[in-house]
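To start, the structure under review is shown below, and the notes come after it.
Chain IDs A, B, C and D follow the sequence of writing; residue 1 opens each chain.
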Amino acid sequence: MSITYVDAIREAQEQLLKDDPRVFLYGQDISRFGGAFKATKGLADAYPGRVLDSPISEDAMVGMAIGSAIDGMRPILEMQFADFSSVGFNQIVNQAATHFYRTGIPVPITVRLPSGGTPGSGPFHSQSMESIYAHYPGLVVVTPATVSDAYQMLIESVALDDPVLYCEHKFLYRWLKAPKIDHDGLPLGRARITRHGRHATIVTYSAMVHEAVRAADRLQQESGWEIEVVDLRTVKPLDMDTVLASVARTGRLLTLGESFPWGGVTAEVVARVCSEGFHLLDAPPKRLNSRDTPVPYHPNLWAAHRPTPESICIAMRELLSF
Amino acid sequence: MLEARQLETKLASLYKAGKIVGGVYLGKGQEAVSASLGGSLKWKHDVFAPLIRDQGGRTAFGEDLLDCARTYLGSVEGPMRGRDGNIHRGRPAEGLLAMISHLGAAVPVVTGMLLARRLKGELDGVVGATCIGDGGTSTGAFHEGLNAAAVEKLPLVVVVANNQFAYSTPNDRQFACEDLYDRAKGYGVAGHRVDGTDFLACLRVIGGAVASARAGGGPQMVVANLLRLSGHGEHDDGSYVPDTLRAGHLGQDCMDVARQQMVDSGYATAEEIEGWRSELEDRVQRALAKAQQETKPDPWHETWQACSQNPALPFEA
Amino acid sequence: MLEARQLETKLASLYKAGKIVGGVYLGKGQEAVSASLGGSLKWKHDVFAPLIRDQGGRTAFGEDLLDCARTYLGSVEGPMRGRDGNIHRGRPAEGLLAMISHLGAAVPVVTGMLLARRLKGELDGVVGATCIGDGGTSTGAFHEGLNAAAVEKLPLVVVVANNQFAYSTPNDRQFACEDLYDRAKGYGVAGHRVDGTDFLACLRVIGGAVASARAGGGPQMVVANLLRLSGHGEHDDGSYVPDTLRAGHLGQDCMDVARQQMVDSGYATAEEIEGWRSELEDRVQRALAKAQQETKPDPWHETWQACSQNPALPFEA
Amino acid sequence: MSITYVDAIREAQEQLLKDDPRVFLYGQDISRFGGAFKATKGLADAYPGRVLDSPISEDAMVGMAIGSAIDGMRPILEMQFADFSSVGFNQIVNQAATHFYRTGIPVPITVRLPSGGTPGSGPFHSQSMESIYAHYPGLVVVTPATVSDAYQMLIESVALDDPVLYCEHKFLYRWLKAPKIDHDGLPLGRARITRHGRHATIVTYSAMVHEAVRAADRLQQESGWEIEVVDLRTVKPLDMDTVLASVARTGRLLTLGESFPWGGVTAEVVARVCSEGFHLLDAPPKRLNSRDTPVPYHPNLWAAHRPTPESICIAMRELLSF
């Protein structure tokens, strides 16, 4: 028996529906159909009236979730793809993000964003938007990389009074499996040391955690380098304590992410490490992101657009040779 | 509605005197529409999302004068504590939403609140209402929100105050249908039309729409035709509105019409109304005076926290 | 339309054989509607923004078979060079727009192209057309775009292919009006309704709407009722569509209807049609075979430039 | 005789309408009314049919501008406030930004974004969105800080084949004046050294250039520090040559911006200086942004939300004391 990443998301929603009458699900094709990725399969039957199909109206979907949250509910909104949240952008960044600051009334919505690239998905079904939403005060942005985190962080996101963008990586949906949900007790907002090492630190999140570990394994095998991998888990807030402690141990930093190269998580982490822990660095920090184009469609191009174990190893060798 | 006019007249002169923090947007000429809506709703029971010209509706719904005075005069005691201002004020926990500027954005939010009531089993006899301008009907938010409310058959009342202009833009640059009322059918919601300068008609039609929604008749859309009798904001002289329009039927002041209607129907005498007016003027004056003396927001006492307290999260300071 | 069906049947089996790069979304059952639109438009003269079920319209408009074959089979010679795929292909310089996935987004873009023609004095006799699904009508983009086209009185033709479902979502969770046709009046555009399974009716009504727009009749909205005779994509079995619906009038295959209509009207004999079919099958086969042999995109030859060349700008590599 | 920043924007548009028949203007209330800020005053009369009022439909406005640009026009779109571009976000980042990469056909639109805070404008009429748009491949983001740049960069934005977000700062509209338009020939994409110095560099853009210069003057007067101020002018692309050359001279870096603190221009510049010019730094780099809340309404709060000469001086003294 094993459970996949997307199953964990489904089970978390089932648990939430079971435990908390304030929870309901809203999204396109999530009811009887169970969602484009089957993340809500069977839930409509088990919880009638609490798993609702929405029209193709992302702006209204977010607005309605916000209204229901103001009125005491805990909606979980499924975007069919993260990319379509661009249509609900205004409600997310201007209504949800500002409401608590303006009125003192929190807006506990959780917006599930199926994120990241898969081969053949193209420019509009592959986007990683964590770097966009994290810019806005008032939003919490979480990016689970493991099966247990997918479960646990969804439970905690819904428990949080603030609006959460829950970025789930489509590439991990069925590929990532665990024997069972087994959480190590880290709360939302804390990073995890996924792999210990002492020669350099890779700070990353979501699917790239696995690519980083692959690269680290390879560097160890091939050259004996011991690379530490930090999984941020939430990109806003950022757990700088864990990041700085790791950099203090290793003296070398690569930040790694799948979103576009200008700004974003990798820039924020480098900027904060350099401002807050400049003296810890023995070498210039490095960044690795996707390329500065839309996500290409053809798998040949896609594979070269995002960071890979190969490109991570190249960057790490440069970093280590400094 | 009389209170609203008194209040706004005062705000306009305070604005001219430079005493107001930020802009002033008035509902002059739109009080009959707005107050008919607000007055049909119950405080802490229904939901009301006013827009920029809804002082009339706010007052009628039950908003405290002081909330208004404090926000305009920058008192930290106001409901927004200086973080947001004037027409953006609200008390969401009491059912009075605090608008964001983006037009149309309130439509799905009210809808969502009604959906919450249904899910909680508390929808019975509840109405959610919002106003929007002719210009606001061109937003995707209006369309998506109204459509979603119609699909859910929720008791949403949308009042379109068609004051013929969106800022300076006339109706013919805003939409091409003959009457915005024609849109109701396309959403599958009940449609109504009313002369927004006629107080009794507003009471009847808007009150009727609210009653229908309350009784389970599903979403309602009311289109009220009128003119605003002020500029877009107090910085604007509204000179793009043709004199012929001002001189015509839509240009009549709903307050004058209402006064006449009350007198004619024997609801009140001219003297009684004058009495109310001076009493209200007094109340307005007192509220403004109180607010003016209160403390202003102070950055050193501001928490600067956009997220609600959550000790479990290592939020950045 | 026959070519489209041949092509798509072939694509479906290539998909099952794992030979296609990415997803496959078919227009099976929607060819009569789509081809009636595409066939009324002139390549390099009009503007056409197809959506996911418009192979029929693409072919009829004049798109080269090879463009399709190359995109599905991942040839770098295709119009999108591997950067985007399949249904997203287009040749904007020839008037065939390349859709983004976000539903509704094409409506204002076509409108903008028509506005450009007007500003250049080249609008005379030009039409811009796009298709949208029942689900797509719920987007703010559809509303804002159609409204803006109506305000500008541009010759935009929007064909709503109401196939009763948006992915798995039935009409009654998508909108609450009796008929989407009822929306036309609310935008001030001419409205039309047609049985989308009836080829001759489609030719007449959709062709008529295009002719009206071309003749200066302003924006047109056609609602065609039909069913898609495939899943949402080839990964989907469409099992949420009730059998009764499939067995009813809307479930009939427009290709069968068209064949019968051609034969009945004496336009062609059954043998002639069969002849076309096998000739087209051949052409489709050849195009696919050619594309299959072509080079695939190579990251080392890709420019990785999102902006057009501009030597004056010190762009980041 | 002098010309204000907003007049320069108006004159540039007049010049463009005069010189290029492909140019037209589209936006709310921009025709006879001349726009909320009078940036198009008189142009509708002078160029009939080429200055068009739009409905309140930001999504369609951007979509239409894109369509017209595909068809050979050079539209200039006025957003009434930058904040409302959130409604047109999808068309900007998914249609305009990707079109050239996908199809090879460029989309030469210029979107004017009245940006930045002024006292009493509140959370929805004060935003600085350059950090959001710059994240997206395919977009050029310009942020003029001077009257002459406001003019010249608008002319060059329209000449560019790629989509440009032209961020004009509302605070500068009438406050900033110059005797005449007088351009130094710097092309789009090049930064400017606004003030020379040798003890530290402030990298900034838009209205903050003026606050930086004020702070620098004060530090010079009070303590003899000579601070260099670099005006980025365009935030994407970033002119790292000029930035690195300045840091090479001074050894100390503060990045300064008015948008929200997570990610954005200040993070990107620090991250790139640290990656590309680590050895040039004699002290940890510093960043100064607005606070991590929506922009508050009351002038007392607003003034403490954005960086000021006072807060810049404090940050600089820390930087210099290192």
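The rule we apply is simple: a residue touches a chain if its C-beta (ideal position, glycine included) is under 8 Å from a C-beta of that chain, and two chains touch if they have at least 3 such contacts.
As the structure is a computational prediction, the values presented were derived from the model and not from experiment.
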Relative to subunit D, largest Cα-centroid distance belongs to chain C
Could you work out how far the Cα centre of subunit C sits from that of subunit D, in whole Å? 40
Taking the mean of the CA coordinates per chain, how far is subunit A from subunit D in Å? 30
Roughly how far is subunit B from subunit D, centre to centre by C-alpha average, rounded to an integer in Å? 35
Multi-chain touching residues of subunit D, meaning two or more other chains, are 54-55, 57, 59, 83, 86-87, 90, 94, 97-98, 101-102, 123-124, 137-138, 262, 291-294
What are the residues of subunit B that contact at least two other chains? 80, 83-84, 88, 100, 102, 138-141, 144, 147-148, 151, 173-175, 305-306, 316
What topology does the chain contact graph adopt: line, ring, star, complete, or other? complete
Footprint of subunit A on subunit D - complex, ascending: 83, 86-87, 89-90, 93-94, 97-98, 101-102, 123-124, 131-132, 134-138, 236, 259-260, 262-268, 270-272, 274-276, 278-279, 281, 283-287, 291-294
Of subunit A, residues touching subunit B in the complex: 24, 49-50, 54-55, 57, 59-73, 75, 90-91, 94-95, 97-106, 137-138, 140, 160-162, 187-190, 237-239, 241
Subunit C partner, complex, touching residues on subunit B are 138-144, 147-148, 150-151, 153, 172-178, 180, 182-189
Of all residues in subunit C, those that touch subunit A in their complex: 21-23, 74, 80, 82-85, 88, 100-103, 135-136, 138-141, 166-169, 173-175, 240, 296-299, 302, 304-306, 316
Please name which positions on subunit C make contact with subunit D in the complex. 79-81, 83-84, 88, 90-93, 97-98, 100, 102, 105, 107-117, 119-120, 140-141, 144-145, 147-148, 151, 305-308, 310, 312-316
